[in-house]
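Order of writing sets the chain letters: A, B and C. Residues in each chain are counted from 1.
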């Protein structure tokens, strides 16, 4: 609970009747940080955001805003602003009046307000749109105005609830960059809710990955990608192979497993004893097909499907009953490979992640790109 | 769906004739000097002149306007409060509550007439403007509530959240955001309530003493056959309700939002 | 993620509407219910509780006969209204491209045209010296005016049908408008001709609106007493007139209360059915 934190959540819990939406969430969000709450729908990310905004009151726990307890402060007295999923621009007000609204509530003089409105319109690159009505703007433009309206009061933190969800793919990607640039410009803490893992990965300084009200991991994108703390996180982010294995040997630094009768080595701390049922995970792009260099793990497999995806090929291979997918850059793909042939698959021991088998139920099957 | 369906179109046209022929008849009769349609010889405004020389009719007209305006005012307050209640407050049995509130509008008017008559008699309230007004409040309130609550639920809660989030307390939220956004629904509901109230007779007939509204007065006139004056006042009512609906159409329903946008675009 | 019950403080919003509901709906109904157990002797109401009024209703065949007649006529009127309004709604919704909004408005304008004016119009048309008779006489088809137009059930039926058509049109049209147009293309694509598309796609999907429309017109026809008074004559006495007359010249308020309460029960039962089978939205006011 350092004083330079923008927001502290301490054991924050929210129950709706008997359903627990958020369970004992603790996190420190630093000033100027781009922090994302990522998870599938119903994971409690929006509820968490609404509690920070003051639109929901936590059942237990504390919310601190710049060090001060705001747990029971109503939304209109909190120095945080939200960009809603559908923007919630007031349809009966022009763009200018929409942005003026929070200033008016703070009783800021019209002349002062005018300069601030102009400044924030410039920031979102929407000068000259002040007299339009929200209905006369495109989705992306509305998005920018909603952003401007939430920023004009210079809040301690800006909360964004799936702000790009309503936009089409290309616009979404463009807006991601805009958002990131604006955040860097104004230096305000952003708390960003999304179910789109690639969006969270591109923009965030840190991500909290949530499921069923629990924060599974709170870390940097790099950490989350390379060292997922649970099988759920591993499956939700990126493209991951999951195969069953049994621990043969484990000295705390290196773990040797049996996968379909072949040996697989994992070079990392695994908390499983000899003979334990394990879930072995390898990123698809870390699996090499017929490698030239020698690596620790080598298994032979039968090539069962090839899918060409433009920049890369996805090769599905069978090892006994298990299935492994390898994603290979198109430029390095060996055109001689055919379905039904035998290939050698290889990967580094550092790239093998091992979880207890019980976590298999948390694995999200078709994560891929966000739908 | 290609060019077929000629039979349907003929049938549809016949229904339209059926719908509008009676109104045309009333219109024609009000200008006819001879009380018949066949051999219509010239037009006259005589009957309209006579209307303005009938002080009791003018008083009844004034009464109707008064009852209508008062009923709209009261119904708007109760109906809007009710609309906020049913859209924002959650409790078990809300569906039943909603249905109960709609009853005075959905039930045959005679039931409201009977129950209110018995009610007022039990309380020793004499039949007067007050009893008629209460009768009108009974069925205009659900009307306003229905219009406003459907606007509120179509609006959803996000605008309110956004306002609170941007620093508006509940009163400011209502005044600056919610109220302007339901304004057209309120106006539309008010016009609708006035139109219905202006015309009401089934309930009023039970609750009328000597203080009469226009429909009750006309009803009295009709007992002695249909005088041309009846046609003249009917035509006036007809035109009045057409004007009211035209305004109403601008304020209620989906058309209102698109209407506003279109107007701005053009301007 | 919705709370099932709001905080107690929120319920203060319900006070005005609850007051209104109690004062103008609930208590009057309770008073009526209580009065239905009183009896009347001459001009005085006897406040000892008795089942006399209900006994009379169930034993005197007059009441059952008129109620049955009223229900039969109300069903006929509802059917007629559907016969007129359904094709109209179908046409406006599916068959018209240009001027659809205008046609829609034309269909619902009669809803807001004065009830009394419509009665006046039909009396004018059907009367002995009315439009039809004058026209027929002028054409030389008849010598004496035909009397069978007015003061019977036919006159009631035609006038009430006229009044009910928009009430059927609106829910049916709303239901039809909700049918996704690509569904029709799909049906055509699968080789269904127009008639079969109508039976297999449009009719089932439009049914909730149809049920709502039927019930609206049924309720309107069931409780009306002004139209029978104006156009029904002696053979057009309806249940509503029976109720009305207890408060008028018969001056038997307790019996009127009992009959009114019976009508209330019937109406509520039927409205209950609508909420089960019909569509509630777009029901009557267009929003």
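Remarks
By definition in this document, a residue touches a chain if its C-beta (ideal position, glycine included) is under 8 Å from a C-beta of that chain, and two chains touch if they have at least 3 such contacts.
Worth saying up front: this structure is predicted, and the values here are computed from it rather than measured.
The most central chain, judged by the distance from its Cα centroid to the centroid of all protein Cα atoms shown, is B.
Comparing mean CA positions across the assembly, the chain most remote from chain B is A. Top contact pair of chains, counted by C-beta pairs, is B-C. As a whole-number value, the distance joining the C-alpha centres of chain A and chain C reads 57 Å.
Inter-chain centre distance (chain A to chain B, centres taken as mean C-alpha positions): 54 Å.
With centres defined as mean CA coordinates, chain C is found 17 Å away from chain B. With touch defined as above, residues shared between interfaces to two or more other chains in chain C number as follows: 2-4.
In the complex of the two chains, the chain B residues touching chain C come out as 1, 4-5, 8-9, 11-12, 15-16, 18-23, 25-26, 29, 36-39, 77-79, 81-82, 84-86, 88-92, 99-101, 103-111, 114-119, 121-122, 134, 137-138, 141, 143, 145-147, 150-151, 185, 192, 195, 198-199, 201-202, 205-206, 215, 218-219, 222, 226, 230-231, 234, 237-238, 241-242, 244-245, 248-249, 252-254.
Residues of chain C touching chain B in their complex: 2-6, 10-11, 13-17, 19-21, 24-29, 31-32, 35, 84-85, 87-88, 90-92, 94-95, 105-107, 109-110, 112-125, 127, 129, 131, 134-135, 138, 162, 165, 184, 194, 219-220, 222-226, 230, 240, 243-244, 247, 253, 256-257, 260, 263-264, 267-268, 271, 275, 284-287.
Chain contact summary for the complex, chain B toward chain A: residues 158-159, 161-169, 172-173, 176-177, 180-181, 183, 257, 261, 264-265. Taken in their complex, chain A has these residues touching chain B: 53-55, 74-77, 80-82, 84, 86, 88, 90-92, 101-102, 104-106, 133, 135-136, 149-150, 153.
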